[in-house]
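Chain IDs A, B and C follow the sequence of writing; residue 1 opens each chain.
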Amino acid sequence: MAVLEVSGLSKRFGGVGAVNDVSFAVQEGEILGVIGPNGSGKTTLFNCILGQLPPSAGEVRFDGRVTTGMSPSALNRLGVSRTFQLLQVFPRLSARENLILAGQEHRGGMISRLVGRRDAGLGGAADELLEFFGLGRLAGTRAGSLSYGQQKLLDAAMAFMSGPRLVLLDEPAGGVNPSMLVTLKDRLQAYHAERGATLVIIEHNMDFVMSMCARVLVLAEGRTLAVGAPAEVRADEKVIEAYLGR
Amino acid sequence: MANFVALLIAGLATGALYALVAVGFTLMWQTSQTINFAQGEFVMLPAFFMLAAMNHGAPYWVALAIGVGLSLAILGLAFKRLLVDPMLRHGVLPLAIATMALSSFLKESVKTFYSAEASPFPSPAPSSDLRVLGVAVSWQSLAVLVAALSAVTLLQLGLSRTRIGRQMQAAAQNPTVAQILGLPVERLILYAFLLNAALVALASALVSPIYLAKFSNGETLGQAAFIAAIVGGFNQVRGAVVGGLLLGVVENLGAAYISDAYRDAIPLFVLVVVILFRPNGLVGRAEERTV
Amino acid sequence: MTGAAPGRIAIAAGLAVAAALIVAPLFLRRYGLYLVSDWAVMTIAAMGLNLTLGYAGQVSLAQGAFVGVGAYSAAILTTHGWPFATAMALALALSFAVGWALGYPALRVRHHYLAFVTLAFSTLAFLVFRNEAWLTGGVEGIDGVPRPSLFGWSMRPPLAYAYFCLAALALAAAATAWLIRSPWGRAFLALRENPLRAQSLGVDTRRYTLLAFAIGSALGGAAGALYAPLVGLVEPPAFTLALSLNLLMMVIVGGSGYFLGPFLGALIAVMAPEWLRAWENYYLILYAALVMGLLVISPTGILGLVDRYALHRMAAEASAARTALKPSIGES
């Protein structure tokens, strides 16, 4: 059974179809890339899958369970998490606090969160994850003071903190300098290998996508243009035209 | 029945006044996210400018012009430059609180430096009644109705038909894009504030003959404008008009038919009911959110 | 809250102020003691509002009404012989429940519509206080609200009641501090700073917002229960929208979202009439001008100004720290 199944998903804004009848499935443990020229509907697709926007049509299933239109927080508690295109860490909290926040709603209940430990018992796990992403020594630093690349790593770490089954990353490599990119890719792959999480990645950075993803989905004007192994997709005429043509 | 019609007309007149004040309120919100809690006092103040001018011998129409002029300078330009501009970046609330302080400032200043008593205010319309189809309608109410509705209609036309008007609307809907397109957003926002200053000056001249010029006039009007704007739909000028008229009518009818004790709750009751069923107000559109 | 470690200076300053607060009442006369008590009570109400506004990011225009709810609850019960503890418990429970009831549908509609609903409630509450004379004494209110006794010691003397209020403040502050430092507090901060991101991390923003508002309202009620015995007479004009707006101003001027903001804001609100006493006729004008000026200079409040400076310094330090760590993160 696929971890994520999207069937006939469409999203219209007024008369404009941002996403048109997109269908695909992601198997457990897979890393799927989603690429396409600007405005092809990638982020809108994510937003519909993740409950941020209600789709105009179609269905989303997570582990076989229908989750179309479920709220983002409920979905997250089921085991789906995401990063955003625009960096969204909490600048006033320390790196460790950011991670604790990312995990606290997945442990215990409301009462234990009120009267229990300040760190909800996640201090150790947070430090461990920070260490994994190479941010160990910055645990106590305010997230807002970290460099852009470090914040990107933290952002990814936050998505992983709750031990999700499925993680959707929206342009994780955006704006990251080349050497930090190496670290990011390395850590994502390491996480994937060790914890077996299923990843779906929107990216513009072709090298990043092609080297990380086993399968790639190409969107153009809200429709699926092609789907297959990186090499196939790269050579696909329709894809080349979508990026270079017009 | 005649009573009902009389109440209706009076309600429309009050409503037209509310609309006038609510429109400016909405304009300021739309263009710069300013919630002006001093809007009521903005309506109260110009009358005193005019009275001061008349006390120095100026005839009515000259005093009116002076009142409008001072209003534009102080309630438009100075208000924007000194209070709004420094605080805009920090969100809605600090500015809103500052306007609360401003409201108190203006009210107390008038009370202390001019008079705590109500002062009579002249009106160009006669104080008698007109009889239409057996119903007595005061010339005053008619004057208010006509003047206010004309002003609002002119404004609506101006906003939708002139280039500047459309630019203002664009700047209100999406200031970032407007700026990219080369629109002088800062100046357009200033125009919105100046427009408000003119509208409140007009409202001041219309309301003061009826209620007499008093420092406390701003209180009820301000709240009414606020509610009218929201009920109509906070992001549409048209909505402010609808909201204002509706509120005026409901208030007048309610005052006659509902117990005295809970009369003050009527406007707020309307507000809550409308908001619960139509969150964007009666006419408003859902604000676009960028994700 | 204000970022990382508070620093030794801050702790020392805090202890000094606390010591002053404990000792000062002994040197004050009746009016001074009244001011201290009033400040303590207002701070509790402002702390509640700070929770709703500064932490959960919701505007409540009804905090004054909740103070009224608490005050009337206490007045009604204690003038009928019930012990103060019961009155306080009712004030807390009732305010919490009403807050929850108001917030539940309001937050369902749209996030910022709580403001309007609280506005409506504020007016409604005032009208109920004024009109339902069988319960609230109507326009005349309820007079002769007794002060409590603690273990046989009467709190009636001004000095005793001042200490009682200060102790209540300390308790409320401690409870609020605990709340803010708990995972709940972290969730509150998250939903204020970035509700979208918070949701994507599993934070049920609606429930936490509701909680913040209900708890904030409960604190308002508690303040009311302390206010009633302080002034002795509970009447409608004390709990109008004006009080709510005043409390709002206290939170903003002190610094919304900062733990000590309400303390400062309440201080200004309570003491301004005294400081401006020399200019009796112009006191309100000057006060309004003062508030406007303060906000123009620092829209994030007094503590916002302090924080900006502290942030500036921390950014510089962090930058230095990053530079030192570069090799281990692989940045070129």
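Here, contacts are C-beta pairs under 8 Å (C-beta built on N, C-alpha and C of every residue); 3 or more make two chains touch, one makes a residue touch a chain.
Bear in mind that the values here come from a model prediction, so they are computed numbers and not experimental data.
Colleague: Looking at every pair of chains, which two share the most C-beta contact pairs?
Modeller: By contact count, the leading interface is A-C.
Colleague: Specify the chain most distant from subunit A by Cα centroid.
Modeller: Between subunit A and the rest, the longest centre separation is with B.
Colleague: Averaging only over C-alpha atoms, locate the centres of subunit B and subunit C and give their separation in whole Å.
Modeller: Those two chain centres are 33 Å apart.
Colleague: Centroid of subunit A to centroid of subunit C, CA atoms only: how many Å?
Modeller: It comes to 40 Å between the two C-alpha centres.
Colleague: Measuring from the mean C-alpha position of subunit A to the mean C-alpha position of subunit B, what distance in angstrom results?
Modeller: About 48 Å, centre to centre.
Colleague: What residues in subunit C touch two or more of the other chains?
Modeller: As it turns out, subunit C has residues touching two or more other chains at 196.
Colleague: Could you say which residues in subunit A touch two or more other chains, in rising order?
Modeller: Residue numbers touching two or more other chains: 52.
Colleague: Which residues belonging to subunit B are in contact with no fewer than two other chains?
Modeller: 291, in rising order.
Colleague: Sort out for me which residues of subunit B touch subunit C in the complex.
Modeller: That would be residues 82-83, 86-87, 89-91, 93-95, 97-98, 100-102, 104-105, 108-109, 112, 230, 261-262, 264-265, 268-269, 271-272, 275-276, 279, 291 of subunit B.
Colleague: Where on subunit C is subunit B touching in the complex?
Modeller: Spelled out, the residues of subunit C in touch with subunit B are 53, 59, 105, 109-110, 113, 116-117, 119-120, 123-124, 127, 130-131, 196, 245, 248-249, 252-253, 256, 281-282, 284-285, 287-289, 291-292, 295-296, 299-301.
Colleague: Show which residues of subunit C lie in contact with subunit A when the two form their complex.
Modeller: 3-4, 179, 181-184, 186-187, 189-190, 193-194, 196-205, 207, 314-315, 318-319, 321-322, 325, 328-332
Colleague: Which residues of subunit A touch subunit C once you look at their complex with the stated criterion?
Modeller: 50, 52, 71-73, 76-77, 81-82, 84, 88, 90-94, 97, 100-102, 104-106, 110, 113-116, 118-120, 134-135, 137-138, 140-142, 144-147, 149-150, 158, 162, 177, 179-180, 182-183
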